[in-house]
Each structure stands twice: as structure tokens, then as C-alpha cells.
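Two complexes follow with subunit A in common, the first pairing it with subunit B and the second with subunit C.
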Partner chain A sequence: MMEAAAGRTRGAAELWFSCIRTHRTNTWWDEHLTEDNASFLKKVVTEEYKQQTTDKLNPLKDEPWPRHEWVEGSRRVGLVAVKLGMMPVWTKSGERHVVTMLQVQDCHVVKHLSKEEYEGHTAALIVGGKNVSPFHRPEGYLEVFRNAGVPPKQKLTTFCVSDNAIIKPGTPLYAAHFRPGQYVDVTAKTIGKGFQGVMKRWGFKGQPASHGQTKTHRRPGSLGPGGDPAKVFKGKKMPGRMGNIYDTTHGLKVWRVNTKYNILYVNGSVPGHRNCLVKVRDSILPTRLENNKNPPFPTFFADGDEEIPEDLYDQDMFQFGEPMAE
Partner chain B sequence: MAAACTSRTRQMMGLLRILRNFSQNERLLSTSVLRHNVASDGPPKFTPPSKPVIIDKTQKEASLRRFLSPEFIPPRQRTNPVKFSIERKDMIQRRKVLNIPEFYAGSILAVTMTDPHVNGNMNRFIGICIQRSGKGLGATFILRNVVDGQGVEICYELYSPRMRKIEVLKLEKRLDDNLMYLRDALPEYSTFNFDMQPVHYEITGDVPVNLLKVKMRPKPWSKRWERPKFNIKGIHFDLCLTPEMMEHAQKWAEPWRPYDMLKEYDTSSLEEHIFKEVQENLRK
Partner chain C sequence: MNECKCVAGLASSAAAACLSSAELRSHRSALFSKEQVRQRSLYPRTEKIEVMLQGPGLQGTLLVMNRGLSTPYSCTRHLTEWHVKSSALALVDGQPWHMHQPLIHSCDLTLLTFKDDDPQIANQAYWRSCAALLGHVLDEAFKDEFSVELLKLPEVPVTAGAFCCDLVLDSRLDSWTPTEVRTASSQTLLTFEERAAQSQNGTVSLYRCGDHVTVSGGPLVARTGLCSQYEVTSVHKVGECEWGVLRRAQGLSLPLNLTAHHNVWKMLRKRAERLVRNVFVCDNSVKQVKARHCRQKHCFNALVSF
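Let's turn to the complex of A and B:
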């Protein structure tokens, strides 16, 4: 109705075609700028980011929040990391395991939500990952980062945190937050596989390739019991879009932490493609709570009071520079 | 006096003959041992001339063969180069402890590994390298030998902590990079004696290429080696296949492949860069 009215005001011809003519109002940041202006903006922005990151490097300078000691039952923040790739790792007894390398690039705490703001039970901290340009993001998104004094990030995640583990927005988070021997849960968006059949999506067995099968080799077969329900139950596993959803792998051991490049070596595989952003958190598995005792709490601060070696290894791991034993 | 002198010299020559069989390092030891004996004797009687110890300083670095192990070259992927540089650091650290020599597919190697199930803990295997695969720390190579009439192939990981020693008994290249067809060749081409002695090889100049064309067992083979996708030059096809069969195999030829631009991967600049980095770090 609205569109028809608009058409009538514009001209008689458009009435008959009933198409909606819109005037394009969106523009990109570069469109009405000269080349000089655009390059100047880019330079200014990168300098601003560097300044912001260096400002936040010393949490002691700008009135940090009080740091508490680790108590059993307290939950601390996690990190946002980039999945680099995988490589093999050997134990001292010669067993081979595979690890995924997760690099923590420019991880900052961006916002603090108190119990009341979040849901009423726990406080939350929003953490941001990799730095990204502000030019193609909406204003509302950039506002959060401006308040924290931190460059805009590609991924924002929320971590439920106990009250003694809250951190001031703007503090940088490093890979040394996790130590070798700890267990970790990693959440990321799985690789999208598109529309997939039932064998790949749900692991159905399908039907035999020969022995008289007519046009039925990868089909789901029966959809359920017969006349009594006389319907197909909700949630029946059927073909559909697979992947591109958030999934978590629990209980992954941290084998090694490289403090110079901020890389975590995490056991096994992790959902997501190479160079995707993942959310790393202390494991919630009850059998792994013992290994996660006495972590750096509320996080690892690079103030300079603790001298950490460039590489931290797990006890069982074979270090490559070691002279050969036995 | 003369008799004692000659017996002493005979002993020394005997010592020398025994010690000559050992490697260079022990040759150095032998000269020091000789000098020590001579000094304890008193006035020197007959001192045989010290064996010349050949050190590489006469050879200029430029004339040494530049070899970069293929597992250092990163594959063509959308990975962050930081990952490769960190892996390379680990590989160089391991190479400082364990000497991994230069070798190709077709060279004969002797590998010593720790094995908890063997009495003396060490396990030595000799074989011809038929394939080198894998990039980074997971690089592997397969050694093949025929032991008591049974063909045995063992896949070793270059950077595994269980590797103790890798010796190159004979350094040479073959006409192909991948010698998997030796599984279907006559067993004489894969048998190597476990008591084989290392053959001397040059550090300068090109690696010798063995132009051997291998005779095959009758068909069927494990793979259709005559097909152009394998591009094998090291099999004597004339003895086992008719010209009609060779023509029939050409049906699977893909003549557009050399012009496929997406398959082009020029590694020359990467190789140079990585070679310099590796040499620098190994020297530290």
C-alpha cells in the first residue's frame, strides 16, 4: 500500500509496473573522499591504534581494579585466539600427538557487565580478538571500543566470570594466561559443508552398493515407526545444511605456551578453518578440575614483576633442543 | 735396541692400520695418542709422520653444494607465515642435536632408532629411500629393503625423538623422485646388505644420478606405472609392455597439465630466503 502510494506520487508509468524504486542511500567510507584524504585517514587510524595498545600495556598506570587470589570454584576469563595450523609433538617416551597452534593476537577486555546487567547470577566480561579496520563497521559497533579505549576487534565473546575475577576494560590478555598442563575448551564456528546428505551429516550407514539395490545407496531409509504415531517425530535426522555453527571441543590439554609470539599449543584438533577466530576457556569437565588449579588469576599481567621464559613446556613433552636421553 | 725400535714401530703401524678404518675425529685422537706414547718413551726413536687431518677450510663456501631439505619449503596454503617460521625454529633446534644429512630418493641410508623392545635398545635398519614426504616437523621418509626374501618398508619420521643416527651409505639420485615401483620390480633391485660400508661422496658439484632402468615382475602391478600421471622414467618398459599397451596408457595423458597456471608454484625466492635463515641459525 505504501509503495503503491509512493508510485502514484512519482509518476503514472510506475503504477503499472508495481516495482519499488528506491533511492540508494548507503555509501562506503571511501566514496566521497579524495585519495589523499583516504590514505591520510588510514595512516591516522593505524597510529591511533598503536597509541591505544601501548597505553594499555601497563595496567598499573590507569587505576587498575583490585586483583584477588584464586579460590576453588572461581571462574576466570578466557581468550580469543586465531587458529594457525597443526603440528606434531612427541612425549619423552616417544609417543606422537598432534597439536593445534592458537595465536592470541591483540586480545583485550572490552566491557564489564555486572550481575544485574547480565543475567542475575554471574558477572560477565566481553573480550575482543584480532584488530580490524573501523571503516567497514557500523557506528554502534565501534562505540563499545571507543569507550574502552581499544582498537575495534573482529570477534567479541562473552565469558561468565565470578566476581573476584573481573578485569578492567582495556587490559590486554596474553597467551601466558594458560599454562602447560591445563585443560581447555575451544569454541569456534565449524567449517561450512553446505547441504549434505544423511550419511555425511549424521553418520548413517546407507545401503549396500550392489545385490539388487535400486537407486538406493545413500538414502536415510525408514523415517520411523508405522501407523501408531502415523507421523515423523520432530528432530528426525534428515539431510540439510551442515557446518557453519558454533561447536565446542572439551578437555584439550595445553602442551606448550610461547610467550614471545603468544601461541598456545593445544592437543588434538579444534573446530574451524585455518586463520579463524576461536574462543578459549578453562575446561568445565569435572575430571579435569584438578589440573586447572592455581592458574594466573584473574589473568597474566605483563607488568614485569614475573620473569617468564620464552617457551613454557609441559613436563611430559619432548623439547627439541634437548640432548638425546636413554 | 734396534729390535725394540722395530717392534715399537710395528706396534705403531698396527695401531695406525686399525685406526685408519675409523672416522676423521678418531684420526685426530690417534695422532694425539701416538705423540703421548712417544713422549713417555724418552728420546724419540722413529716417529712416523702424523696423519694429515683434512678439514674443509680449503673448499670455499661457494663451491659447496647448496642443499635445502624439502621439508623446509612450506606448501602453498593460506596459512600465516608465522606458523612456518616457528616450526622452522623447532626443526633447526632438533638439527643442532641430531645431524640429518643430505639425501634423496634413491640414496641408501642406515638409520639407528631407540626401540624399547630390543635388548640393546638400539635398532639399525639399512634400506633405499623410496619416498620423502611431509612438510615441517612431520617430515617422513620410507626405507625399503628385502630381508630373508621378504620386502620390508619402514616409514621414519625425521624429527622423532627416537631417531639416534642417520647415515648416508651411498648418496645418489635416481631418474624419479618416487621409487614406489620398486615394490613391483624384481627383488634384486631392493636388496641391500646390512653390512654395507659407506661409499665416499663429494661435497661439491652435482649429486650423481643413477640412470638405472629397473626390470619389473610380470603384471598385475600394485599401480599402473605405465600411465603418464606417474611420469616414471626409471622402468624398462620395453621388456614388459608391448607398444600397443604403451599407446593405450597414453589415453590417460593430460596434455594441458604443463599449461595449468593454478598448479604453478614458484619456490625459488622462498627457498633462497629459507636457506639463508637455516644456515645462519645452524651456525649459531
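Let's turn to the complex of A and C:
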């Protein structure tokens, strides 16, 4: 009989039962393997991943789904990327901006959910990014990837997509999906700050440092109007746990796209720490819809006829070696 | 002559095709019990024998046991619960000996587990017992009106990747191909009981597990509770013989203290689905089998010895 390899976490209600001695059934993957067996298995897994990726490189070969043209109002899929770091960028008029570099590593479409399956309004595509070893994931998690023929991924996200933009599961996605000049929204889990006071968490002004203040420098002060409601309203901003939640930054301009290493240079800062996985999609801000017209639709396919250069720059961006307009 | 008739009765079950499988099984089981009683009555007076235990931590322990009645299992009951649970096979004077086979003379006893330094013998015995279990499972898998003839359990080395069982199904099932081959073994602790029966050629060992009686070429493991993961991986059509279409069923199993991660198990299982050609346990041919793909756990790493 197959036994689940991962142990289950117990809720507080089940602490009562945790004193019963049971037979331990879970094990780590190389508990009973010799070293050469373990290294052999690791090698086999990497080769299998390479094989699966190369199999999916040629979408034309295995009955791809029909590709439609971009229409006003259609929503296309996004990407999962890794936040690498930040660097400066200059415009042709000499202004300095900072950009975040997001690298698209092993991004594949993993599953397609039709309108009925998802919610009744739009279809959805589940996309995974960054390959991960199968030995530390439960069996149920790996099943989706096995059905798609794709190595298991660290992060899975769902993108709501219009019906003309659906892509076959197993298709790889590249950074060239976005072009310089487009505007994107980036969602990621913010850095956890722990339990924080009201000044850092909500930006309250606090109290003066001196001039007679007794033990009151960073406190919230008054909690509300007073006698008439005679209560504190729900949702009052107070100290508490800050960070480690999903947050989106909207309307970030793409300055540059490197197709060789699949890196997007996106304006400003992005939530999350370095090497965290972020979700990138076309911006929904109404003022930026103009810039997102005619994108590669439904996505950029590497086997197509168009030859794109290694680096794509935005027209406003200054590239080193160009003559400067004084 | 009584004994020979016993064995002949068991072997010629093909002639009793008019009986249904369930009746056949109970008939064989009854014969086995009769034979067991007869062999017990060979030693009417209780005689004592001395059993010297060998092995790490047990050197020189002397146990005084009963002749014809005490088994290596009862020797472990005198030690600790760990010995009872973990010993899979015993070595009596260097010969592999089933845990429930009675000892007939004073000897040296070594207990084998799956985690010894050299678990070759225990592994091979485990493989044989899994093949016997496979026969049992297949016997019970079909409805009573279809007859299942288990031909033999070929002696396959552990490195081949899967244990197999050759069988011939009823002629009505000639076009049957398994749609879903899944494990059906139960977790009840059934003990393999063993009796050596005298026949014209020499001794033939019979093993009973629950209701099912098999003939086996070597000693089997103590009980089915020792297997943790068990799966019937595939059924291949091998050829034709005089009774019908010859099929080979293959399976994969791992013992209780060597549970595999689900990924590793899947890889082993993929390998076990491939048809196992008849391999003999000799150096050259096994080297060819060893050449590629999944190696098994360190216990099963018989490659080292070749």
C-alpha cells in the first residue's frame, strides 16, 4: 500500500489525540538509500527534467491549440518570475530611474480551467515557475505536473484569461511575452516585519520627542471620536503583524527585456525579498491600456519565424555608447 | 505412501477442474493441515535439543528447545520483541531455514533481518515470498467460475526489478487484458507455515498462507506483515503452452523497515512493469540485467557483489 510521504500538521483541537503512540509511517526520501543511490536518483531527476523541457520546446509538434489575434478587451496570461535585484537606468534626457530585474526561470503553463470549472465568468490558466526537486513535495502536488508533462514547480498561480488567449498546458513562457514600453502589475508576498507599531505599520505621526512628553513618543494617541459612538470602530488601525502578505504594485513600466537570460527590467520597486517568486501580468490601470496594445498574443512562441534581438530597449531609455543629446 | 498421495493430490489439481477455485483451496488447506498433524506426531515424546545463537550481541547464548516442535520463531520469543518483529529468516548451520519450520536437531541459529550488512539471503527469500503472495492474490482475484492455474514461481534475482508468477487462465479469459492492475493485498498478518513433505524425488516444501498453499524452491519470509508496500505492476502474455495462454504477472514490493518515498517507488514501479526475461542466478547474465536504470535500496544492492 502506498503511504503518504509528508506528515500532516495537526490543529489545536487534535492535541488531545497527539499523546496516542502510533506507528511512524513517513520518511525522508533517502532514509534507506546509499549515497551512490541517492546521487544516482538526483542525476536521473535532472535528466528527466531536461528531457521534459526539450520535449515541450517545440509546441508546433504536439498538436498546439489554435492561436488567435489580439482583440481590444482580451486578457492574456502572465508570467512567474524571480526577483533578482535592482539597478539604475537613465533616460535619453538624463533622468535617472531605478529598475527591478525579474528573471523568468522555467515558466510553463500547467493547467487549463474552462469557464465552467473556474467560476463561470472567465477561463483560467495555471502557470508554474522555477523547477523544484520532487523529493520534498507531497504526491498530490506532483500529480498536476505529471499530467502536463512538466517538471514540478515551486510556485503556481492562476491567471484569469479570455477565451481567445488560452494556451495548451506544457507550453513554455518566456520574458519576450512582455515588450519594452508595456505596463505591468507585479504581485508578490511582502517581506514579513513581525509585530510592528503603529508608526511603521500605518505611518502615524507619533508624538514629539521632548517638551514634556511622558512616555509617549510612538503611540497611536486617540482611538476615535469619544462619547457619541462610545466605541472604537472596527478596522481601527492599530499595532499588529505586518508584512508576509500578498501585495500588488500597479502600473510598472517595462524598460528593457533580455531574451537570452529571460530578464525583465521593470520600473521602481516590487514587493518581496531577493530571489522570491513574483506574479507578473498586464496592467489593469485604465490610463495604461494604451501602452499595452498589440502584445505578443496569446504569448511569445520561441519556434516562430520572427527573429528578435538579444536585448530589447524602450525608446526613451539611454543605451551606453549612444551620442547624448545636449 | 500416504505422503506421496498427499503431494500427488495437490499437484494434480488440473484434473479436478470440475471443482471451483474456492473448493480447491479449502481442499488443499485441509490436506496441508492433515500433513501438519502427521508430521507433528513423528515426535510423540518431547526431546530436548540445544540451540546456540550466533549473531551480533547474541554470541554464545544457549537455548534449550523441543525437538520437532520449536521453531526459530519460538527462539526469538525467548529474546526480545524487537527480535520477534524484525527477524525475517533464520540460518540453521548456514542453511536458510524458514522461521516457522521446526528444528529437528541441535544446531547453530542465526537470525537474519533486512538491515544486516549482507542481506542477500533475506532479500531473495523476501522476493520469493512476494511471488508466492502474488500467486495467492491472483488466485483470489478472479470469480469462482474461472479457473486459475498457477504454474510456477520462477526464481528471479532481486536485481531483475520485479518478482513474477507464471499462470494460465481459463480459456474463456483468453482475450482478457488487465485494464487496471492495482494492488489487492490485505494487511492482515498471515503467517507462512511450512511443512516438508516426503515424495519420491526428495523433500518438497509446502507453504501455507491463510487459505492458500504453494510450493516454493526456498524458504519464505516469516509473515506478510513484513511487506509495507506491495503492488502488482503488470501482466504480460508470454506464450502458449498445453493448458492455454501462458501469462506472467509481475509485482513489486518493499519490506516494512525500508519504506520508499513515493517518487522513488514510482521509479521502481516503472521498471517493474517491464517484462522480466528468464534470468538465472549466475554472474554473467545478471551483469547484463544490472547494466541500466533504477537500482534499488542498499539492502537490495546485490550489484556490489558482482
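By definition in this document, the second predicted complex is superposed on the first by the 296 of 326 C-alpha atoms of A that agree within 3 Å, B and C clash if a C-alpha of one lies under 4 Å from a C-alpha of the other, contacts with A are read in each partner's own complex, and residues count from 1 in each chain.
Keep this in mind: a residue touches a chain if its C-beta (ideal position, glycine included) is under 8 Å from a C-beta of that chain, and two chains touch if they have at least 3 such contacts.
This one's a predicted model, so the numbers in the text were calculated from it and none came from an experiment.
In the superposition on chain A, A:E322 contacts subunit B only, with no contact to subunit C. Using the contact criterion defined above for the overlaid structures, shared-chain residue A:F135 touches subunit C, although it does not reach subunit B. In the overlay built on the shared chain, the residue A:Q103 is in contact with subunit B alone; subunit C does not reach it. Once the two complexes are overlaid on the shared chain, A:H32 sits against subunit C while remaining clear of subunit B.
Of the two partner chains placed by superposition, only subunit B is touched by A:G85; subunit C is not.
Subunit A residues in contact with subunit B (one complex) as well as with subunit C (other complex) do not exist. On the subunit B side of its complex with subunit A, the touching residues are 77-80, 82-83, 86-87, 90-91, 93-94, 96-98, 114, 121, 136-138, 157, 159-162, 164.
For subunit C in complex with subunit A, the touching residues are 183, 185, 187, 228-231, 257-265, 267, 294-295, 297-299, 301.
Looking at the complex, you find that subunit A touches subunit C at residues 1-5, 25, 27-30, 32-34, 37, 40-41, 44, 134-135, 139, 142.
Interface residues of subunit A facing subunit B in the complex, by the touch rule stated above, are 82, 84-85, 87-88, 90, 92, 94, 96, 101, 103, 258, 261, 263, 274-275, 318, 320-324, 326.
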